[in-house]
């Protein structure tokens, strides 16, 4: 099995297309960092416009921690496409290239083959996220420095102490890894049904966009299905950046406001991953390879 | 805070009508007590209690130097201070030098009997419209002060004293002030989840008031402070 | 080894595959013996590729059984496939990898860790050693075909299944493949199942032949058994074919003569009459360069698939 996984990883990282995702993330992040470095003050002043009339806020607000948060909010909507580029190509790409029939006449079971491919695409996803974390967090910390994290949500503000932020990012990236693996699992599942990659990639993105709309629109009838959509839970990483307060409204350092939401979302995502992968294997085992 | 109190007492007092009792002597006594302190450096813990802000307690350092230099600095990190809480003090010094002190009865503040003194600015252009001080006559300490300003609304300062009461330096100071309702569009904050319920009336009212509380842990008094600290 | 030395390397019984509106393979039974070069023939859409894909577990049969090396393919798939190498239709490898990288990748998939030398030897065998490090994207179809064959053989399988192996090859390439198959069969005792449209190629190498049509078996047997001795074709080459032909036209052999060809003269006769022909050629003073019996597989194939064979057997 390890041989299979190694071979799959070898194929992924020998393929030029793989590096598009890494390059795209680099370009996006560098662009945002550049923009904020040059004109971040305007952005912050704009956000603080309302609050600044009552409170005097001092300190390095636009520090690496806040910059990383801003980037994650933007990117974790777009990174799924980059995940789909590889994951949705895993089976359909082989069929398209004509290599599927060669691979499946080798002495491995189809289940082993599918699991190896999924594990390889998960490793790719994780590496992409590590790269994202390196650029978005560590490089931002280096460029913008660090300080407390001043987070302006739509109806309240959270101030996290500097030494209370980093572990939250570890948690957030870990959760994001789970979310992105769910996207990979979906792409992987859809990949089984096609003999070219474009179809599954587009289908994966369409599903994500469609479900995201359902997740975010505040229409009562949609509220029935929202809890079951993986897109509803993919943004659970934000829960790491909300903090509990005492009765005296004093923030409790090291706490999370709704840890149960994180756990719940993690479980939902994990269930989705298992279902997608299991379904992919079941379908694939019965599939006649005509490509 | 401290600046504010001291500076109010450096004013000249003019004569006034005989219908209101002149509280100038009491005010001068309190000022004299405060005048013992030329400068101090204090450590403190600052807590911001605003309904829509979740903030942890932060360490602060406070510096004061006669007659009117005051600096509050957070020991690292981002600080949230009521706007005008410090600047009002500063602007009071700059624009006003005349107050009339009138008696306004008595009141109990945190279990202590106090004399209520109304401070009216003589100068019509002063930013301060009215200040009401609650003075503990027996100990010559200001327990509470409520100030109404033109620019920054009304705010309240309440003081609790302990082992430094001989110098008129409080153990705890609480600023209460008005805040605006806080709301940012979701498109701006990129929040697409909608887990919130609409605010109740009570919550909305809470949103309108804020407090900053500073607990002083120690004072270093009259050891000299360089002017550069206040820049 | 998990299998005993069996006479029959492939044994297929009652194999059937039905898709939605089509029965591609219908109750097909055949066997391939050890050492056979087994020609698998049929028109387009006859069911050859479907059958081969079932042998390689790419397609699930609707009914029937397949035993390879005496073991049930269903139950011993992994062990069996270790001993099988296949080229299926247009063989495709990873275009973004080099030839040698592809070969190494597929070798690893077969459980091997070949050395660089071993890989180069394999590429040498198919004439691609000089292009070992080139990306496959730059290869012609023929080169890809040859690489596909190298991939199929890298793990030294006992059974080799070739589906249209000469597709896209030039005459030299076709000859090379033919020689390679002969070498694998005669010298290395491999068993080879080869399907092809190039009947004259099959004719030259196949020891046994299976012809199917519309998914059903039409005939199976050795080449010698199948071809009608009464329909033996003799290919005659002389110093002066024109003159020889004219002489034969005026002789008893007029009826046996086949339409004129440029380089040879074809005579259809019963096998037993070949000595008579020899004698008469000498009597007619025709200088013979060569006289070869020729089995026209093409003729046979057409005969079989049009139903004529069934009528006479």
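So that you can tell them apart, the chains are marked A, B and C in the order they are listed, and the count of residues begins at 1 in each.
One rule holds in what follows: a residue touches a chain if its C-beta (ideal position, glycine included) is under 8 Å from a C-beta of that chain, and two chains touch if they have at least 3 such contacts.
What you see is a predicted model, and the numbers here were worked out from it, not measured in a lab.
Geometrically, the chain at the heart of the complex, using CA-atom means, is A. By number of C-beta pairs in contact, chains A-B lead all other pairings.
Distance from chain B peaks, on a Cα-centroid basis, for C.
If you average the CA atoms of chain A and of chain B, the two centres end up 47 Å from each other. Annotation: 53 Å between the Cα-based centres of chain A and chain C. Each chain gets a centre from the mean of its Cα atoms; for chain B and chain C, those two points are 100 Å apart. Contacts from chain C toward chain A in the complex involve residues 53, 56-60, 77-82, 84, 86, 88, 90-97, 101, 105-106, 108-111, 148, 151. Residues 47, 50-61, 73-74, 147-148, 150, 152-162, 164, 212, 215-216, 218, 232, 235, 238, 242-243, 245, 248-253 of chain A are the ones that touch chain B when the two sit in their complex. By the touch criterion given at the top, residues 47-58, 74, 76-83, 85-87, 177-180, 182-186, 188-194, 196, 199, 210 of chain B touch chain A in their complex. Chain A contributes residues 3-4, 7, 10-11, 14-16, 97-99, 101-109, 286, 288-290 to its touches with chain C in the complex.
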